[in-house]
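The two complexes that follow have chain A in common; it is paired with chain B in the first and with chain C in the second.
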Partner chain A sequence: MFLQQLLNGIMIGSVYALTAMGATLIYGILRILDIANAGAYVAGAYFGWFIYFKTGNLILAFLISMAATGLIGVLLHRFIYAPILSKPRILPIVPLVASVGLFTLSGDLARLIAGPGTKAYNVDFGTEVINIGKLTVVPAWILIIVLTALLFTILWLILNRTKLGLAWRATAEDSDIAQAMGVNTNSAMALSYILGYGFAAAAGIMVGILYNSITPALGEVPSYKMLSIIVLGGLGSPVGTVIAGLFIGLAETMFSAYNLAFIPKDSIAFIVLILVLLIKPSGLISKSNNI
Partner chain B sequence: MGNYITTVAVNIAIFSLLALSLNIIIGYAGQSMMGHAAFFGIGAYTAAIMTNAGINFWLSLPAAMLVTGALGSIIGIISLRLRDDFLAITTIGINFVMVALFQNMDFFGGSLGMAVKTPSFLGQRMTSTHFLVLLVILIVLVCLLIQKMNNSWFGLALASLRGDEGAAQSFGVNVNHYKVLAFIIGTAIAGLTGGIYAHRMTFIFSSNFAFVISISIISMVVVGGVGTIRGPLIGAILLGAAPEVLRFAQDYRMILYGGVIVLMMRFQPQGLLGEDSFLQRKFNQYISPILNKKGGESHA
Partner chain C sequence: MKKLLALILSLAMIFAFTACAPKEAPAPSEPGPAEEPAKTEPIRIGFFAPVTSPAASADGLSAENSAKLAVKLVNEAGGINGRMVELVNYDDGLDTTQAVSIAEKLTTKDNVVAVVSGSYSGPTRVAAPIIQNAGMVMVSAYAVHPDVVNAGDFIFSQSFPGKVQGKAGAEFAVKTLGAKKIAIIAVDLDFGTELANTFTAHAEANGAKVVSVDKVAISDNEFTAIITKLKEKVQPDLIYIANYYAHAAEVVKQCKLQGLNVPILGTEGADSWQFLLTAGEHANGVYLTTNMNRDDVSTTTQEYITRYREEYNMEPDMVGASAYDAFQVLFEAIRQVGTDDPAAMRDAIAGLKDFSTVTGKLIKYTENGEAVKAVQIQQVVDGKFTSKGEITDLDIITPSAK
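And then the complex of A and B:
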């Protein structure tokens, strides 16, 4: 029972981490809270559904959907966020409100184009469940955990082993100084959006497969849960985001499995967040110079 | 007045009060408050529970203000410890947690919502028109309060805090004191509005106070013009009337709403009528000189 819940929690947690990673990468560079990242999750789920429906190839669905959503991210940054941030003396709430507007647009465009109803993913893995001892494993879980691990490894390699990753880390540390040192901060920003929106798209497809359904309202829960995860992870720290995502995933599964929750599990993330912020205002995991 | 028009007008008036009160926190104190609807809800449930217990409607309103203002002061104190982004997320979180509480505790009617009796005024059951008059009086009072506040030491302190908090502090402005006060006033007005709303609707649900409502209020403030009195009023009228005017385009309503907000933030982040907005500049350029000429010295 406990192991089963542990596995369940890790699986849910990795989807959370993947969804929140985009918001973390974008916050790390631009210092804005991008709620529209949850819109990328919806867009990705629909792109993936469409391609899978047409071709029947799941790998192709993941790749094209991630690329297309990442491209949308770059365009949004180029034409919406960058001009807003270049204005002098704007209220900190302005980019946030813009991203909420984009998020509203994404859900409603999905509703208009694909229709308001639920779409089934119907991915066939050849087998219903796999039993390992007492554990019951659904093939989709394996797909999610393996693919998330793969994507995070790729992210780690890009951030730590490439020049582009170095530019990202330098810009995240101090954008002005990085620029003065000749770091191409624009490419670091583009990287944040491609990877961030791409990861959110992958998470959207995973959730679609997991529950075998997608609706235009798919992004509502992640839109706010993502926020609490990135704060718990120390705002702008990719490693912190993974840990916080897993932590919230596990906390939710354990709370609902053992009936400890007197409120719906979707608000656990925020209760944890508010408690942590009151005790340690810089987040659960934070670099000492992060604040 | 037609019944339909009155209903729309009451709705706009309620959102005007919410937008004006949120503007005290966002616009004047410069704090990223994203969960205003939670306080709207706290006021609504406080007043509803009181009148259901047999207490007079007119007593329940100040009580709702007190309760909401007291809880608002807690957010104000929290805001002293958190910087912008953290505060934004915390207040979003508070909004979600409050809605979850309203929805899941039997004390608040749970998922069934809560029925509220229509209050009476001078022995008569209050009609939509009565509510509208009450709301308009309150809007005028709140506008006067904000104007008085702006012209006082309080407004000056908030302006300095908005400009450069560190500098304000070093000049001896007690930043913390004024921030918390702005939160108390802003949330108390939201609570009062909630109390009126509950008795006007005669039925309240947790979803009436969801995060999307907070977003609507923020959009009204930002679209109209942050940090002005006219801004939130115009924002509430435009965005409050939009769903009615756009009824023919039912399917495209939210797309238009989202699109307008994105475009406003992209091209006019100071709002339609904010300081240094396009309309304000044009007004100063073309209309002010004419008015000044006509008004003569009385204006100067």
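And then the complex of A and C:
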């Protein structure tokens, strides 16, 4: 049973990490908590569903949905976040409020355009389950774990092996100095939004396939849970976010598996968060040893 | 700066007010105190449902569609006693604060003769006392919480309360399916708690044992860990799921995938086309306790199902049928006593006997305003809800006093 629960936990944790990655990348550069990332997750799930429904091609659904959602991210940054942040002495709460508004809008748009009812992906993997000894593996889990690993590898390569990634890291370190050194901080910000919103879209599709249902309320839990994951991961650290996502996924799974206490499962992420803030306020991986 | 803030706040207030303005009928001009409405004027009936709450909007839409259909059909048939019916339609957004202001408006400004709630227990139970205090009749379509009807003698429920459904579920699980070791999974809301508690009490009184209870937040769709635990440690011989369709679909799917092959008994929360859509073939074999029987050959039921499909091009569900029936209860009372005297309307509803509705025969009302009607047992066969009989034992289906 322990092995099975470990696998369950890694699968959930992968989804969490992917969901929170967008917010991490954006926080890393802009220092704003972008709740609207959960809206990108909703938008991505619906785009993906629509394309899969029309073409029956899952790869196409992922690619187009991630690109479209990433583009929306860039536009939102260009026309909403950038004008807000360019005002002198802006309070950090202003972009936060804007992002909450955008998130609320995403759920209502989904309801108005696609209707309030549940949509199902109904992806046919050919086989229902794969049994390895006593371990049960559902094909969707393999898809999720492999795809998450693939996306994180691509992310790592972009951030560490490309010029754009260097610009991102320099901007995340200190955007004023980076700009003074001739780094194009605007393209670093655009990169954050393309990757951040694209990842959220991929996470949305995966959750849609995993639970075979998407509704306008899809983003509600990620909208707050991702906060605890990014803080836990050390605010702005991609590696920290992966570790924190897996950690919360495993903690929640073990919690419901062994009935550790009678509190809602969703509160675990926040209990862990409080403990971390008390013991190690900089998060599991602090900014100084970023990436 | 202060001026700007004041401006923003007042704008926000205006939006807050317009957000709960009636969507259908324009507000009537303030009636003069001595003015008696002429008998040819339409009968205005208030209605609210959670249409814009992302979490509940599918049920909200279903209830709202059915409310409109009920009014449309009664008007097609010439109205009630020669008067047309008009719907005063609100959206509560599954928000109790909004439900309070809707109840205030319905009772003071909208000139309605009675109210139907097409909403969940939360909004309905805060609206109920306000409507009761105004001396107006309200019929709740499907809210299960006891506080709804406990608000007073003007408040009725169209459906059986949660305690009856839980008890009927236990009766079926223990006596018909022979369950001895039962695991419960319930949504952590009034709905799930009420059903799980009453199910447990009746199942244990009949010799079965409830070996585990897992409460899950409505926003949580992750059941893998719970099903693994049930399969490897708890090993129940039946799973009772007091959850809505999204949860129910995920539970049955995980059970099938992980190879936990025991009977699953759900509730009216899963009585929706959305359950069949998301659970797919995994839904086959699942039992439900509900108030709707799609196989019912009565013309009332079949007319509703046919017309609903025609009007909205989608499948009707328990929520919609219940909202439709709440209107039928009200229409019948108005047919009998008119709209002038709310107390007479109340007595007419309380006195209904063997009244035929879409969701079966309403046998009578208890003193507390709860409907006594048979609990339907349905099973999913080949992707369709199919009747597996009904529980008609009056000892089970008559709600105990409050």
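Simple rule for what comes next: the second predicted complex is superposed on the first by the 286 of 291 C-alpha atoms of A that agree within 3 Å, B and C clash if a C-alpha of one lies under 4 Å from a C-alpha of the other, contacts with A are read in each partner's own complex, and residues count from 1 in each chain.
By our rule, a contact is a pair of C-beta atoms (placed from the backbone, for glycine too) under 8 Å apart; a residue touches a chain by one contact, two chains touch by 3 or more.
If you're wondering where the values come from, they're calculated on a predicted model, not measured in any experiment.
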Between chain B and chain C, whom does A:Ile84 touch in the aligned arrangement: first, second, both, or neither? first
Please work out whether A:Ile64 is in contact with chain B alone, chain C alone, both, or neither, and reply first, second, both or neither. neither
Per the contact definition in the header, classify A:Asn122: touching chain B only (first), chain C only (second), both, or neither. second
Who does A:Leu235 touch here: chain B (first), chain C (second), both, or neither? first
Touch test for A:Gln4: chain B only (first), chain C only (second), both, or neither? second
First (chain B), second (chain C), both or neither: which does A:Val100 touch? first
Touching A:Thr136, do we find chain B (first), chain C (second), both, or neither? second
Is A:Ala178 contacted by the first partner chain B, the second partner chain C, both or neither? neither
Return first, second, both or neither, reflecting whether A:Pro216 touches chain B, chain C, both chains, or no partner chain. second
Quick check on the output: what are the common chain A residues between the chain B footprint and the chain C footprint? 107-108, 262, 264, 266
Contact set on chain C toward chain A in their complex: 51-55, 57-58, 60-61, 188, 212, 214-217, 219-222, 224-226, 228-229, 232-233, 245-246, 249-250, 253, 256-259, 273-274, 277-280, 314
Chain A touches which residues of chain B in the complex? 26, 30, 32, 34, 78, 81-86, 88-90, 92-94, 96-97, 100-101, 103-104, 211, 215, 218-219, 222, 226, 251-252, 254-255, 257-262, 265-266, 269
Considering only the defined contacts, which chain A positions touch chain C in the complex? 1, 4-5, 8-9, 11-12, 107-108, 110-111, 115-118, 120, 122, 128-129, 136, 138, 211-213, 215-217, 220-221, 252-254, 256-259, 262, 264-266
In their complex, what parts of chain A are in touch with chain B? 27, 31, 33, 80, 83-84, 87, 90-98, 100-105, 107-109, 112, 224, 227-228, 231, 235, 262-264, 266-267, 270-271, 273-274, 277-278, 281, 291
